[in-house]
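One structure below.
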Amino acid sequence: MPSAAYLLSRLLQIVPTFLLVMVFIFLFVRLLPGDPAIAMAEAKASDQQLAEIRERMGLNEPLAVQFGYFVKNTVTGDLGRSILMKRPVAEVILERLPVTVYLSLYAVALSVLVAAPLALFAATRANGPADIAIRGLFQVGLSMPVFYIGLVLLTVLGAKLRLFPVGGYGRSFIDNLYHLALPALSIALYTSAILMRNLRASLVEVLDSEFVQFARAKGLPRRIVLTRHVLRNALVSAVTLLGLSIGNLMSGTLVTETVFAVPGVGRLMLEAIFARDYPLIQGLTLTFAVIVSLTFLATDIVQSWLDPRLRQA
Amino acid sequence: VERGGAMSFARYDDSVLIDPVWAERNPDIWMVTNLYDTLLRNGEKGALEPGLAEKHEVSADGKTITLTLRQGVKFSDGSALSAGDVVFSLERARNPDGPWGNLLASVTGVKAEGSTVTLSLKQPDPTILSVLATFNTGIVPKAAYEKMDGANDQEKAAAFYAAGPVTSGPFMLKEHQKGSRMVFVRNPNYWRNGEDGKPLPYLDEVDFEIIPDDATRILKLQSGEVDGAEFIPFSRVAELSADPNLDMKLFPSSRIIYAPINSRETKADGSKNPLADKRVRQALNYATDKSAIIRLVTFDTGMPMTSLMPAATTYHAGSEPLYPYDPARAQALLKEAGIEGGLDITLTTLAGSADDSTLFTALQQMWQGIGVNLKVEQVDSPTRGEKNRSGTFDIHTYGWANDINDPAQVTSWLGYYKHRQAVGTGWNNAEFNTLFETSMTETDPEKRREEYKKMQEIYAEEAPLLFLYETPFAVALAKSVRDYVQSPLGANDFSTAWKSK
Amino acid sequence: MTTLDRIAPARPNRLSGFAARALKRPAFLAGFAILGASLLLALFPAAIAPYDPLAFDMTAIQQGPSLAHPFGTDGFGRDVLSRVIWAYRVDMQMAFFATVFAMLIGLTTGALVGFYGGIADAIFGRVVDAVITFPFLVLVIAIVAVLGPGLVNMYVAITAVNWVYYARLTRAEIMAQKAQDYAAAARVLGYSDARIIFRHLLPNAISPVIVYWMTDMALAILLGSSLGYLGLGAQPPAAEWGVLIAEGRNFIMTAWWISLMPGIAIVVTGLGFSLLGDSLADLLRPKGR
Amino acid sequence: MLDRHIDAAARPAVLEIRNLTTSFGPQERPLVAVDGLSLSLKAGEIHGLVGESGSGKSITLRSILGLIQPRGRVGGEILWKGRNLAALSERELGAIRGKEIAMIFQEPMTSLNPLLPVGLQITENLAAHTGLARAEREREAVALLDRVGIPGARARLADFPHEFSGGMRQRVMIAIALASRPQLLLADEPTTALDVTIQDQILRLLQSLAAEFGMSVILVTHDMGVVAACCDRVSVMYGGRLCESGPTADVIAAPRHPYTRGLLHSIPRGVAPRTPLYSIPGVPPGLGERPPGCAFAPRCPNALDVCRDEKPVPSVSAGGRGLACHNPEPGPTEETR
Amino acid sequence: MSAEPILSVSGLSVRFSKPRPLAHQLLGHPRQEVRALNGIDLAVARGETLGIVGESGCGKSTLARCLAGLVTPTEGEIRFRGERLADLRGKDRRAYNRRVQLIFQDPYSSLNPRMTVGDMLSEALTVHRMRSGSGVDERIGELFELVRLPQDARDKYPHEFSGGQRQRIAIARALAVEPECLIADELVSALDVSVQAQVVNLMLDLQDRLGLTVLFVAHDLRLVRHVSHRVAVIYLGSVVEIGPSETVFSAPRHPYSQALLAAAPTLEVKEGRKTPALSGELPSPLAIPPGCPFHIRCPYAAERCRREKPALLPHGGGLAACHFAEEIAAGTQPVRKAEPQPA
């Protein structure tokens, strides 16, 4: 298990990062062109209405004061009120977040399920025809935009073959396994391509490594060699990659959720940006940042659990 | 007709708060009357029909409106709808903080006496009856509403909505999963009767699914997962019309697409604005082949504009499309205006809008012929709004749909200088402005019609817009769904819809 | 003859040795061929494309692939092949401009920070953490939203985020190289820091960066077309693959060619970059000891 | 001690390698790493295998256990207690590996799994080859670590390889190899990473195990001093072939192959300080460019024409000395004769 | 050997403090310090070869790196021709770097894999303005001859050479700047025995011809004995014995030197071992024992050794840091502990 010091220092690392993240978020939301008041009022509002809106949103205060409020409110969990949704941002996000988390985890699970066996299959037949075919296929997967994969899956598997529902969101956990299958798959295809490439490479490397040879020389059963020595070692880098690709995965949800009509935070983010919903954009960006850094944290912990060399902080 | 069953409907965007007073965006506005009935109703051809008020009377001086409420009407929770509820609802609707408060600006007081409700006005207001048929005057139950917590009316409204409101309209809200799904169920106490003599609505339930992506929405319909899908892109209309399983509806709308032309004498940078000359604006209009554009953008589902207002608006005048395609005339007008050696004009379009980009490509090709060099500038919607307000544009694309069944709203928006400088064009025509002001207190319908006719003529002649086209509301339905209506104002009306089994 | 003999082999065919090894790899050849062809299309679309990519032809709307229009036509009768070809210009530009500045900035920053360490490095570390904490697309979209949509702004946005990744890579690589004896040897020889960084360390640190650059160009195309698809990248009517797919997405059932053809173009070009990147990774690896 | 020497000579051979050939690369243009090597080993014998880097020592050891990665082709016979290891299946080999024949790898830094505690890496070997219970395995592991001289062995079982120094890792490997009490230990440069004082300790350990349990050892090294210190017999390899073998003392005292001679000669021994040392001219040939004749011919001071064209045939002479050379140095026997 | 030292070191200590993250400070983890060198005093005379031996991790390389200016000592000073290294700045410092050259253990990693040999040499020559114009090419030719590399080596990359050749390239590069002092850190450890001889011969030859001063760091005692005039034995960052090569090797005064020599394999075929093996592990430089650093492993250790760190004092022809140096040399050792079992 990772040491207390390791965990502590990993947590401490997050603090300055987060302050910086807040500055970034605050600044570029302020830099958005177009008066947010106009954005929220739509075309028909009168100038007087606009002024009232500005007043209400505290947009007339100096930037520094606004930042002060921002940090204070964020820390206390108050992310403001969404212009678009007319409700507290935190509430809106919390409502939508589970969907995206579900979708992301689903996609991660699918990626691993697709990538791991194939990588093992390919690695044990390194440079054979099967290996080349699998790698070629995934190379293609890597070069496909997520939105395009989504579109094709939707049309072929959803509308044409009617194997899966065309977009939308289910009512229960189980129902969603079915409803979110296509969006998860369209994200997973890309992620699993990356994962499979990496996993295969590290498997090949590990299979070739001296300590695996040594394990074989010890006369250990093949099963133990493969699980205890090969897989575990290959996993270390795969876990890092998986952690790092959470960012990608989240990016994927922006497009996928829109295409597949999944009511998650990804789609909300796009809606918020198009509607110039400042508080919502702020809140969402912060949410994304929190999720990603939590994933990094989790990755680091899993990794340090897998790899004792990383445990010293 | 057949009663019962659930209809599912794919929407392009979700409602946030379906409340008469605080509904702000179309997905909210267009749902309100399903939940809250109004005192008067918009009938066929723009005529007003009785709603919750059986009778209405306008006093001779036009300053008092007396409404007699229908007897025995109940809210969905079974409580009786009383004059107190009406007064409460109208007082709420007058709240100047609400986005629609100014529609009732002429009202000075609302009083109830038994089952009559009296509105006192500052001055005669020809639009007031239409307002009483507009969503923002929908009737909410005072007692249930006042139980809600909230620092102000908006918060109360949100709480009321979230609690699953007691309604006066044909439906009640059963469930709303934000962003994904909303369910309306039949209001058993609704007062209007259907063709079979029993109370409306026919449907037990309407399930809404939010599918923002056009293609996905259609796929969803085609795969039979939903019974209807709104906002079908016009490019798909022909295809879906040919689909034997579907009923492709094009509901007439009050939606117009036009392009405001900056008509100020000088541009924002201080230079002389050639577009200030009406001949140049006319030339641009003549140089635009509207039917080609209608074909390209709306795939022949649209109609050319015939006046400043949508054809479905009361007092609309004008049967011929404005400025038929006549490049020679356009050229002559430009010459007359002294434009020699070409003209550089920038079209501000909405980034990412395929329609705008098609429009631009087409205009560029058309205007080349008369020596106008069209450049494009692509911005997002808030930026476009800002440019419109500050007048820093040559021409930009815009759209409009009426919210109330009265010509005043659109006329004021497009032409009345004092209301946002005639849709930002800076066009300031004294005669037009005076006409508009008089019409706002004109109670004689005939006189009013005359005034509007005149205004429309002036506007057409002056051409502060590039007049483009009107588009219908394109809704595709499964063959089993009948009698669903989307009003010209956009309201989704499920009260008379039914589903054959 | 004699002089020639003396001059010619002076620099033993370093490049030709590389080429010889490169030519033995089918992956490299395929990648090279794809990108070469793409570059040609990007440079001379006018000469190659059979039609004007923007010209409407109302007589030939949504026609399937035929001899006259090998990739069919779109909803305005525009030739899809010509649009796909013109899109090469935009997308190859995107691949290059969205990445090259990020690479240069990242390379320099990473090299300096990696070499000197200290406070600059600590600050850099936090900036990196903060930047990679945002999902890439989210950050880019947000920046595009600030700057407004369009290609140049997209380059700026991507560069603003992406340099961090290059810098991080370069920094790690420089640190690894710095620990090598040859770097110490250069210091022992009394060379200046600048010489050590740019003459000794960077050439050894650069190949992973180059390889990453290749993959990143493929990513830039994907990202650019995603932005185009969302309406935040290249603007219609300009032909760009993402925009083309967005235009065709409504007709995926009836006129599949409108979105499929640009889709194939993206995949093939991306494939070219990845193939080249992967084989370069092998080829540039310093030779075994 | 002295008589063990004679003893060993009398014992039967346990390992008999005949004409071992290991090659890589394409069939048509094979890269031959080990070329027709023959060697026999008696119980309790410590057999040194020396030669320059790249001469095929490690490949020889790996060939015995069928651990050539990436795939190499192994030809010839490796007779272990009458069974030909070269012909066994992976499964059958698995039963022999670790249990009867153990191996210590050359690279102490990379041969231990970095993710598993050292204790587990020892006990898993015990689990695979002995019927010991968990607690017993642990006790045994502690004893083994103690034996190879790792202080505080019990406390270190839970430590990971990176927490050990290179020399300690090497000793952990030795402990792992010895865990199942193999009859044959293939030790690939087991002491190269160690300090002289610790090297000394380990060599003593190997010697005592050979003496006590009759464990045979093939000890690969490039240090003639190590050979001198503990090997009964020594074989010298050059370019994948065996050039000379024999009892250690004899070979060191009177090398007959010019390469062996050069090797011994280049070690400063009995020369005046700061005078030039002998150095074999030239560089060893690459795998693909072995000369057709004797591999050493291009560098050999004694080379004849026949050396360049013809591979010398290994011969065995009295005193168990093997030699593959057309023109050897005069041997002690000849001299005395 | 002239008496005047060209390079001298006094009281040299190097401590590497491990970076201690904030979290460790918060949790009260103690600061960890690797004491790589603990007060080393050395002097090398012009033209002399000083051998430096010791076990792995005892600080040999750290000393070499200090002298080459790669590591800044924590305490103590290095003087080159009487000038303090720490005082040298800018031009003088670069001049020092030119005059004192370090050659690394691993010839391959010390050569930039992406530069040709010619580039490396001409860079060294031009940066220090040793030659200019065509003189550069000429000088490269000379250097190749000096280290006996073929002339066509110029346009090749390091990977195209054998190990011995690579080490010769490294030597040529060091010689290019015409240094006065060479520090050879395990110059031949990575090489095969037969190649070692080549490189050692070359070094001896160059030293004689160019009058170089050499610090020969190695763990191969035979080689050190062969090449050095004097030898210093280092244990845990301290010099425990230093003296003329023959004296130290034939009659070591320090028990550690003794053990080291005894453990080193010779070519004498074993017939049982006379001397005891050292037991125990080299203590970590993180926790250097008080008193005599060797007392834990020393067969002769007495109470005094545990308390008092012995000073480096003249004994015989050299200096040794042992309380019982005289007795050990005379063979009248104090009480011997029980002989450690040969495992």
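Letters A, B, C, D and E name the chains as they come in the text, with residue numbers starting at 1 for each one.
Following the convention adopted for this analysis, a residue touches a chain if its C-beta (ideal position, glycine included) is under 8 Å from a C-beta of that chain, and two chains touch if they have at least 3 such contacts.
Going by UniProt, the chains are A, C = Peptide/nickel transport system permease protein; D, E = Oligopeptide transport system ATP-binding protein.
Everything numeric in this text was worked out from a predicted model, so none of it was measured.
Chains making contact with chain B as well as with chain C: A. The chain pair with more C-beta contacts between its two chains, of A-C and A-D, is A-C. In whole angstrom, the spacing between the mean C-alpha positions of chain C and chain E is 49.
Averaging C-alpha coordinates per chain places the centre of chain B 89 Å away from that of chain E.
With centres defined as mean CA coordinates, chain E is found 31 Å away from chain D. Separating the CA-averaged centres of chain B and chain D is a span of 91 Å.
For chain B, the set of residues that touch two or more other chains comprises 215, 219, 222, 380, 383. Multi-chain contact residues of chain A, defined as those touching 2 or more other chains: 33, 151, 155, 159, 258. Of all possible chain pairings, those that touch are A-B, A-C, A-D, A-E, B-C, C-E, D-E.
Here chain B touches chain A in the complex through residues 14, 16-17, 22, 24-25, 97, 99, 102, 154, 158, 177-181, 209-213, 215-217, 219-220, 222-223, 225, 380-383, 385-386, 388-389, 398, 413, 419-420, going by the rule given at the top. Only residues 126-127, 129-138, 141-143, 145-148, 218, 222, 225-226, 229-230, 242, 245, 249, 252-253, 259, 263, 266-271, 273-275 of chain C touch chain A when the two sit together in their complex. Residues 4-6, 8-9, 12, 313 of chain A are the ones touching chain E in the complex.
Across the complex, chain B meets chain C through its residues 214-215, 218-219, 222, 233, 235-236, 239, 292, 295-296, 351-354, 357-358, 360-362, 365, 376, 378-380, 383.
Residues 49, 55-57, 162-165, 192-198, 200-201, 204-205, 219, 221-223, 225-229, 245-246, 259-260, 262-273, 277-282, 342-343 of chain E touch chain D in their complex.
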